[in-house]
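Following are the structures in question.
Heads up, the next two complexes both have chain A, just with different partners, chain B and then chain C.
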Partner chain A sequence: MGNWIYEKLLPMLEYLPYVLLFGVLAALLITLIVTLVRYRQGKPVRRSARDTLWGYFFIMPWMVGICIFFLGGVANSLLYSFYNLKLDSGLQLTPLTGVDEAGNTVYTPLANYVSVFNKELNFPVTLGNFAVSLVLQLPIIIAFSLIIALMLNGKIKGRGVFRTIFFLPVIIATGPVMSQLTAQGVSSVPMVNQNTMAVILADFPEFISQPIMDLFSQLILILWNSGIQILIFLAGLQKVPTAMYEAAKIDGASGWETFWKITLPSLRSMILLNSIYTVVTLATNSTNPIIDLIYNATYAVTKGYSYGAAMTWLYTLVVAILLLITFLIVREKKEKKSKDVFRQDMEGRARAAQSKKLSKMMGRRKTA
Partner chain B sequence: MSENEALQKAKRKEIRKERFKKRMLGSADRRGLLMSIVIYVLLITIAFIYLYPVLYMFSRSLMNRSDLLDSSAKWLPSAITWKNYEDAILTLDYWNSLWKNLVLALIPTVCQVFICSMVGYGFARYKFPLKNFWMAVLVLAFLLPPQVTSLPNYLTFSRLKLADGTVKPFLITALLGQGFKSVLCVLIFFNFHRQTPQSLVEAAEIDGAGHFKAYWRIAVPLCTAAIVVVTLFSFVWYWNETTLVREYLGYGHTRAKGLTTLMIELQKFEDSYNTAFDARASSVTSTNKINDAIRMAGTMLAIAPLLVLYFVLQKQFVESVDRAGITGE
Partner chain C sequence: MAVGGTKVNPKKFHKNQIPLYLYLVPIAIFMGAPIVYIINHAFKPMDELFAFPPRFFVSHPSLENFRNLFQTTADSSIPISRYIFNSLIVTLGVVFLSIVISTMAGFALSKMNFKLKGPVFEVNNIALMFVATAVTIPRYLTINALGILDTYLAHILPLIAMPVCLFLIKQFIDGVPNSLIEAAQLEGASAFTIYRKIIIPLTKPAIATGAILAFQSVWTNVETSNLFTSSEGIRTLPFYMNTLTSVGTVQGQGMAAAAALIMFVPNLLLFIVMQSSVMNTMAYSGIK
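Entry: the complex of A and B
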């Protein structure tokens, strides 16, 4: 029974996205025919049917694409990791088998995953390093891009020029260019002396000092990675209602207080978005050593596609955990929000100020 | 009398002091001078850090061999040498590669912008069954590393004999809304079309425009800001991607046989250089060895079209960013 499931049924998973796709397409076709018939009979076309048809009309190409390339790809790579992929027999999936203590042949669906841990000694180490450097880089990128966005949002001369410079890395900071630059040693800030850092950090244990050293030697790369984050924060800052700032100013709040009580809470969802975006880009960056490791394993003669797929899924699991942790730390805390009396007060005042302004304008119009 | 005068003098002094303090530290309405200085110093420092690698790259690329070894000539070359660029152009087969790269980046970008705008509009405007499911798939596609799907897709392409060094796989994926980072493009358009007032579109429909016409004539012109951002981003992503591009082109293909991109050529710069120059002047190999200046020249050449594009579109881009709301709350 178990053999039948593993040998025959599970590989069918490959077709699941297509079943979904054709199911939706068939349902749409039926809806279309029914609607057309009703239309011919002179009956009014229901709004829901019309919206369904037009909505699917607009997302149709994407839906087909995502079923084939994304869902199909996910199903396939998941299958590859539990089977042995033979290239010579037309991409046939063959079950993984092993021999137990009694000498019987048994199925070992997890063999690829086990061999990743046995063969790839670098893998756990690289993963650990990646996680540590992510934890160190994430707050720096977020804080840095927030500061830049705040400065760019204020009234400064030459705003356009500064913006142009700060968005530049979005355009050119990429794999090959970056690796050329790192090879030149341009990635570290020229003024920060490496030796001083080494002396300062000498007393710390190596697992702490090494990532910090790496951090400083790659400071420019990290700052270069925060272009999009600056963009997101800038767009978020523009959405904070100016009336809130005015109300706070009338109440005598200083700039410092305004930042903590109004700007930062308003940017909360942006911080979450930025954190997730940062984790995702850092994880899928082509300069990431794990990606290299996976590619090398995938195209190595002794390891192969199934092995590479198993590695990819292990990596995905780690990234998912990191994402979850980020989400839990940064997300909006509902119960805390209601307790924030100051902010509520400010919002109330802002509303009052606005309505006062409005009524003033109306009054002026009346007299005129 | 004199007592009074002295008092007034003291008062005036006090006022002057107060005014000076205010100017330096700022008041509720105005930023103080000190704060301004801090902000500008910070901005200029960071701007320098951002520009430093590019400037370094540029000045290095103009140096000759002796400047590279001379530690006193760290910043400015003693004489401007364009020879590095000539060598790099020869190594990259620049004009040929540039043309191929433009084909490879422009066509999918146009398709991607068109399709993603439609998908974003569909999601933003209509309610339909399974909509939440498709939205969840969209977000999942953003979160999962592309490496998960790239291998099966490569196998699919090579099985269908599509990975043959032409633009076909790029075109197919872009037309089906699965181009490079298309999820982000869809999200940008989704967010933007959501802000378009429904009443405008409905008014057009009452006036007799069909659903597609309402989209094409009303919604598209209203989202030009988003179009600028997405076009620039897509072009940049297509230009800069290497691993996926190599899979789509098929591993057996070189620039002699099929399309190529400058970034891929840059990755194998050293090998190409050695084959290009060792064959020609094998007797003087010592002076012909590759150096940093030539490498930097090659890198500059590879990003030059992006820089040109960015500085042309820079004004629209910076303005669009304000309005595009690339933030998907």
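Entry: the complex of A and C
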């Protein structure tokens, strides 16, 4: 079993990104040749063929970049996680072996993954903490940035200055400045007494209380992380047609109703975009403790790169699951649309008014 | 109504705005704190840098940290201008190329129909959530195999395909109305003209945001200098700043604070330049 994996399956992995790259290249060439042949025969070039050609042309530079420098690395890291990698004189890959009960040497491709769970006692705990804090932070970031975006979209003096201030943390949120700031305790809310919090939360199990404590000690840090989200919401808000607000106002809708029935549904795709962006940035942020664990393991003498790669893949799996859950919760639901009576009503009225106008015109034409 | 979509700043102050200010001003103070801190920290003399409990504001500002920093750079064998030049080339190269590549790919993924479109976008999603530290060693091997170790290309090429950039820009291009593109096609515009005349102008906010993100990730990047270069003459400014300030002496802390301010200033300048296009988001795409 292990033998087959090492001899047949894993070597194929190395070529996976190149298969994709060459697949796109081949598709481009085939379409090009077919189109040229048809053109030579005097047949008109089909629009779909032209579309395809341009599509591949536009996607190509990015494909080359991502396949060679990123996917190549990703596939290789998966490959190396099944080996023992040494870099002292060139690249040396030795298959992982173990001894079974009968004393025979057997291949154990998953040994790195198993040892992550055996050796790295911190890993599952940190992973769990990360998942819980993500669940807590995501709604806060989304709600906060939505509120700020709503306020910044309003008519106030000095709006440009406020927008700049809210976006500024984005451009300094990386690097040594941030770690200096957190070390100084700037990121916690001064009003919230840490000790009081600890007393209140003492009755809860640690896996719940710890993330909540972290949440409060990092509240400002979380708010600093929401610059891009505010920006995306602002862009979404400005795309909502003003005519809809006017129609709602005429019908006597309050600001509260307008928000829930018009603003929020219009922002649905932006909320999805923001949620995914937030999960991704939180997960790959360099201040994330899991990234720290992986980094330390990768450069530790006793563990090494293959071990770090195994950890990365486990982590990526968890992040993917979290992303999928986020997507399923936030995505646009088709059946919900039909239930949105208010919106339908608005649209229906607009249509009725239009047809009335039309019939009036038609009637006038008839009489004329 | 507070939720209307207007573009211009109101000229006058009105009483109705006061409640909004009550919320916005305190939050803005929190959000602006790190910038104030960076500036204050760089001017702190030695005794204030190490004061306990640490203080937020500087009480006796001095230029001592900057003086130390410039003295040290003057003593080194390679002039600091060389590092600045390298950093400029690398940063400009990455920002420009990554924006061109991302907008092109975003246009294709969002508005064109071709096979393999789905898998390509999936690839981007995978790249988006993969931890970058994990690919450094395979990346080194790739760069070694390409034979571009110790060149500017080793700084630039690994970073130009930014998944976050593509993701943001693609989502924005999704919002460009299809009817606009169809109208252009009817007028006989080629895909390239559409890209240049419609997509680029309409997605300026996303492009500006992407440019800022790309700039920030390159400008402070020490990894490429650390791993893919071996001669000093090709390394970049953040790497040099890191070597200066990581010596571990007491002076190093002060120099680190001054260096942080120097590294931060271009970020701020770029943002102020980009600000108007970031903020005037695509309110008016020409079609209702």
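By definition in this document, the second predicted complex is superposed on the first by the 281 of 368 C-alpha atoms of A that agree within 3 Å, B and C clash if a C-alpha of one lies under 4 Å from a C-alpha of the other, contacts with A are read in each partner's own complex, and residues count from 1 in each chain.
The rule is simple: a residue touches a chain if its C-beta (ideal position, glycine included) is under 8 Å from a C-beta of that chain, and two chains touch if they have at least 3 such contacts.
Please read all numbers here as calculations on a predicted model, not as lab measurements.
Engineer: Do chain B and chain C fit side by side on chain A in the superposed arrangement, or is it a clash?
Structural biologist: clash
Engineer: Looking at the overlay, what does A:T263 touch: chain B (first), chain C (second), both, or neither?
Structural biologist: The answer is second: A:T263 touches chain C but not chain B.
Engineer: Regarding the shared-chain residue A:L136, is it in contact with chain B (first), chain C (second), both, or neither?
Structural biologist: Neither chain B nor chain C is touched by A:L136.
Engineer: Check the residue A:P241 against both partner chains and state whether it touches chain B (first), chain C (second), both, or neither.
Structural biologist: So A:P241 only meets chain C here.
Engineer: Given the touch rule stated above, what does A:P61 touch, chain B (first), chain C (second), both, or neither?
Structural biologist: So A:P61 meets both chain B and chain C here.
Engineer: Kindly classify A:G252 by the partners it touches after superposition: chain B alone (first), chain C alone (second), both, or neither?
Structural biologist: first
Engineer: Please indicate which partner A:G23 is in contact with in the superposed arrangement: first for chain B, second for chain C, both, or neither.
Structural biologist: In the superposition, A:G23 contacts chain C only.
Engineer: Hey, what residues of chain A end up touching chain B and chain C alike?
Structural biologist: Touching chain B and chain C on chain A: residues 24, 48, 51-52, 54-59, 61-63, 65-66, 68-74, 76-77, 80, 91, 148, 151, 154-156, 160, 162-172, 174-177, 180-181, 184, 186, 220, 223-224, 231-232, 234-235, 238-239, 249, 269, 273, 276, 280, 283-284, 291, 294-295, 298, 305, 308-309, 312, 315-316, 319-320, 323.
Engineer: Quick check on the complex: what are the chain A residues that touch chain C?
Structural biologist: 20, 23-24, 27, 48, 51-52, 54-59, 61-63, 65-66, 68-74, 76-77, 80, 85, 87, 91, 148, 150-160, 162-172, 174-178, 180-181, 184-186, 220, 223-224, 228, 231-232, 234-235, 237-243, 245, 249, 255, 258-259, 263, 269, 273, 276-277, 280-281, 283-284, 291, 294-295, 298, 305, 308-309, 312, 315-316, 319-320, 323
Engineer: Using the touch rule from the top, collect the residues of chain A that touch chain B in their complex.
Structural biologist: The contact residues of chain A facing chain B are 24, 48, 51-52, 54-59, 61-66, 68-74, 76-77, 80, 91, 147-148, 151, 154-156, 160, 162-172, 174-177, 180-181, 183-184, 186-187, 189-190, 219-220, 223-224, 231-232, 234-236, 238-239, 249, 252, 254, 269-270, 273, 276, 280, 283-284, 286, 291, 294-295, 298, 305, 308-309, 312-313, 315-316, 319-320, 323.
Engineer: In the complex, go through chain C and note every residue touching chain A.
Structural biologist: Residue list for chain C touching chain A: 1-7, 9-14, 17, 20-21, 23-24, 27-28, 30-35, 37-38, 41, 54, 56, 100-102, 104-105, 107-109, 112-117, 119-120, 123-124, 126-139, 141-142, 157-158, 160-161, 163-164, 166-168, 171-172, 174-175, 191-192, 195, 205-206, 209, 212-213, 216-217, 220, 256, 260, 263-264, 267-268, 270-272, 275, 278-279, 281-283, 285, 288.
Engineer: Please give the residue numbers of chain B that touch chain A in the complex, ascending.
Structural biologist: Residues 28-29, 31, 39-40, 42-43, 46-47, 49-54, 56-57, 60, 115-116, 118-119, 121-123, 125-131, 134, 137-138, 141-153, 155-156, 159, 173, 175-178, 182, 186, 211-212, 215, 232-233, 236, 240-243, 263, 266-267, 292, 295-296, 299, 302-303, 306-307, 310-311, 314-315, 317-318, 321-322, 324-329.
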